[in-house]
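Naming follows writing order (A, B and C), and every chain is counted from residue 1.
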Amino acid sequence: MALLDVQNLRAYYETQVYGISRTVRAVDGVSLQLLPNEIYGVAGESSCGKTTLIKVLSGTVKPPLKIHDGTVHYQFGSYKVDMLHFDSEELRHSVRWKEISYVPQGSMSVLNPVRRIIRTFEDIVDTHQGIQDKKVFFNQMRDYVNKLGLPPDVLNAFPHQLSGGMRQRVAIALATVFHPRLIIADEPTTALDVVVQRGVLQLLKDIQAESQNTVLLVTHDMAVHANVADRVAIMYAGRFVEEAPTKIIFGASRHPYTQHLIHSLPVIGDKSSRASLGGAPPNLANPPNGCRFHPRCAQVLEICRTQVPAMVDLGGRHRVACHLVKEATR
Amino acid sequence: MLRVFRDLLKHDGRFRVAFVFLMAILILSTLSLVSPYDPGRTFKVPADMPPSLEHPFGTSSRGQDIFWWMAFAVRNSLLLGLMTAFVSRIIAIGVGLVAGYRGGIIDRVLMSINDSFVVMPVLPVLILMSFLLRSSMSLFMLAFIMSLFGWPWDARLIRAQVLSLKERSFTQTAVYSGTGAFRISLNEHLPFVLPVVFATTINNMLWSIGMEVTLSVLGLSNVTFPTIGTTIFWANQHQALVAGVWWWLAAPVVVAIVLFLGLYLLFSSINEYIDPRTRLRRIGV
Amino acid sequence: MNANDKLLDVQHVTQIFHIGGLIGGSRLVAVNDVSFSLDRARPEIFTLAGESGSGKTTLAHLLLHDLDPMKGQVLFEGRDVSQIRKRKQVMEFMKKVQPVFQNPFETFNPLRRVEDYLYDTAIHFGRAKDHRTAAPIVDEVLRNVGLSLEEVSKRYPHELSGGQIQRMSVARALIPQPDLILADEPVSMVDASLRMAIVNLFRKLRDENKVSVVYITHDLATAYYISDRIAIMLRGNFVESGPVEAVLDRPLHPYTQLLKESLPSPNPSGLESWAKHIALGTTDVKEYGRVGCKFAGRCPRVMDICTKADPPDVQADGRTVKCYLYADGAK
């Protein structure tokens, strides 16, 4: 049974300033399903719509962002939540942080710089559940962070006294304190050094393995997905272009964009020439017709310029939206 | 320019109101050029007449048509405000940009001068100057002295902004493009500083007009010279309210309110328009 | 060798910062006795690789003469960079050394057209007299980086992609016809699909334009792809430096080995080594203050002597390593 079911989601930003109105079609027809006990990666570059997708999935839709179409349904055990039509009070009380939590890119988005870490923990737990005894709570938290491999004195520190990697791990501890069923991690290691990144991602994997929950990992770094995710979805210009288990994405991808993302980046030991994609990421206020990738695709067909390719199921949980694939299986 | 005007007129309600108000003020002040009465002459018309078709604002106890007197008054007050604002903006921008960008000893010297002016009490000094220069206190003199007090706050604001702009990469890019310090301040930093400048211009105009009113009401300026302030002075001298000549006080007060509101709304809407953030949204970011 | 044969000669440069107040506070050795040089005759791409807090940014500032070193000197074409004071000397320096910055959207003023900077550079460095005569130069240099004047003319930064802006940034840096370009993390903020265009561009600069590049990055993969030589920095020290194939194919220093191992690769078959759990320090500053080798706290092959004094620079297998493991008599 799916933890999250998204069907044909369309979410646009609509702005009106001095008579100029613009509609940015940030998420334009996305469908996906999240299952319990998996790490699901969403890969995409800047302005592909992944941040907007996260906003919708975590229920933080504010003007000028508007939902145009589609459904977002969560199933937390026997508790059903229709995210698009949910009461925000109820959301804050029962869903946020308890069922869905969030690890942001910069840990300073969740950590209050003028309060000790333990106080931030208290704030969050108190808001969502209430704390009876602060001393007992402190001990519980100390045991908890200890279990996660963090030194216990971290609780009494201020955020600026910790390194970036340590702060990010604290942010993960914060996000998992209620053992939510879904953790949304938005570029959690982008700002971190490669060695620290490894530690943070390992922590995330350990937590997922132990509590068997679901992690939605959003990052542009394909190498991270290769080492962490179970399934990966590639997002381009507001749409999913391919989705498959990790081994298949990296071994047998079908979409030209996916293939480019994987093969363009250099690896140590190989100095052979690699090329970049021509053109530029599309302007979401005025996207190209048909397949949005067609202006930059080396294997573009006539049909790509006019018709949006539909998602085709290739079996083995591999979906792809590309006219080339349809041609081949004809 | 015209496109800016049209944009604002069409989309900003504040601008429309400001436009109406200020047009009224401007028309009133240009009418002073065709005034049938010389504001220096008294008892040309029957005194203490309430507003009528012939005398739209009524007449004063000094036998002057208040409408035509106000035309001159408004013109002079506006001129004063504009002159003070203009001169003090120049000083503030110059000091702010240079102190912010250069730093070091130039910054310290400029800021010391700046702070000395900030702590000086303006009204007592103005009163003192008025006493000393009573007869030769022309409008220009007053404007000049006031602009010497009008720049320090704003210079600090501008300097603070320049300090942060200096750290941004594009300043470095300009340096490596071979651009000299003066051009960097002008081309790179000034556009960011302009919204602050506009906001403070209106403040400055309002402050200077208000300050002039204060001085005049106290009788410390050249009272035969028509301004909003001297109108109130004369009205008080002749105990206008007690004598029932309420229109003599109402006229300058209403005109002042219309002027102040108009200026405020104008700059509030222009300020939002040229703010780099809305500018970016407008270009279509 | 004549001193003038060296384009850039960094000699035993040390930079120390004081952090904390006047009373108390500590010394932070941001750059510790760093030396390297670039030949004038042979343009190359020299990478300074390191994580945040390694000192590479401070070193970049020293090379661009934003800072003057506390010890040692930076010689550009034989002349001490810290002696450059007068406007004329500064302009001459900037003619030969140009930077490329990390954030494409901050490199140019968002309220100005990007091409204006190119025109300004052409005029200020004497390659053109006015806007009209500068146009062909700007066009040529844009073509050099794979853009055209009509594609980017009259555009503001927000109307261009990060890749395009970064290319324009390189184009602008090329206009004075410099000998050295200092690129500080030039692709870390550029989208993956556009990154290789910029990276390949640096290769082209070296091969066709004969420009040397000091490339600062934390991304070892792109460093491997384009560098000739590389220096790995840790807490202000060059822990390993030499030809990039030697240093990254067969790393000797335990820190380099850790870096290489921690790089996630898009090839899932290398999974096991990356998944090995590692220890992470709590604060960076503690490592800086360490006596002896800065890596001793996390080194899997640490020895007693490592915590006593700074390790010596040792020549081994075609590169320089700062490690007791390879010093004479070490076993």
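One rule holds for everything that comes next: a contact is a pair of C-beta atoms (placed from the backbone, for glycine too) under 8 Å apart; a residue touches a chain by one contact, two chains touch by 3 or more.
Not measured: the values here are computed from a predicted model.
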| item | value |
| --- | --- |
| Arrangement of touching chains [line / ring / star / complete / other] | complete |
| Most contacted chain pair (by C-beta pair count) | A-C |
| Gap in Å, rounded to a whole number, between the CA centres of chain B and chain A | 53 |
| Euclidean distance of C-alpha centroids - chain A vs chain C, Å | 32 |
| Complex contact set, residues of chain C against chain A | 51-52, 160-164, 191-200, 218, 220-222, 224-225, 245, 248-249, 258-260, 262-268, 271, 274-275, 277-278, 280-284 |
| Complex interface listing, chain B residues touching chain A | 7, 10-12, 273, 278, 281-282, 284 |
| Sites on chain C touched by chain B in the complex | 91, 94, 98-99, 101-103, 106-112, 117, 120-121, 123-125, 156, 158-159, 169, 172-173, 176 |
| Touch list for chain B against partner chain C, complex | 168-170, 172-179, 187-188, 191-192, 276, 279-280, 283, 285 |
| Contact footprint of chain C on chain A as seen in their complex | 45-46, 151, 154, 161-166, 169, 193-199, 201-202, 205, 220-224, 226-228, 246-247, 250, 257, 260-262, 264-271, 273-277, 280-281, 296 |
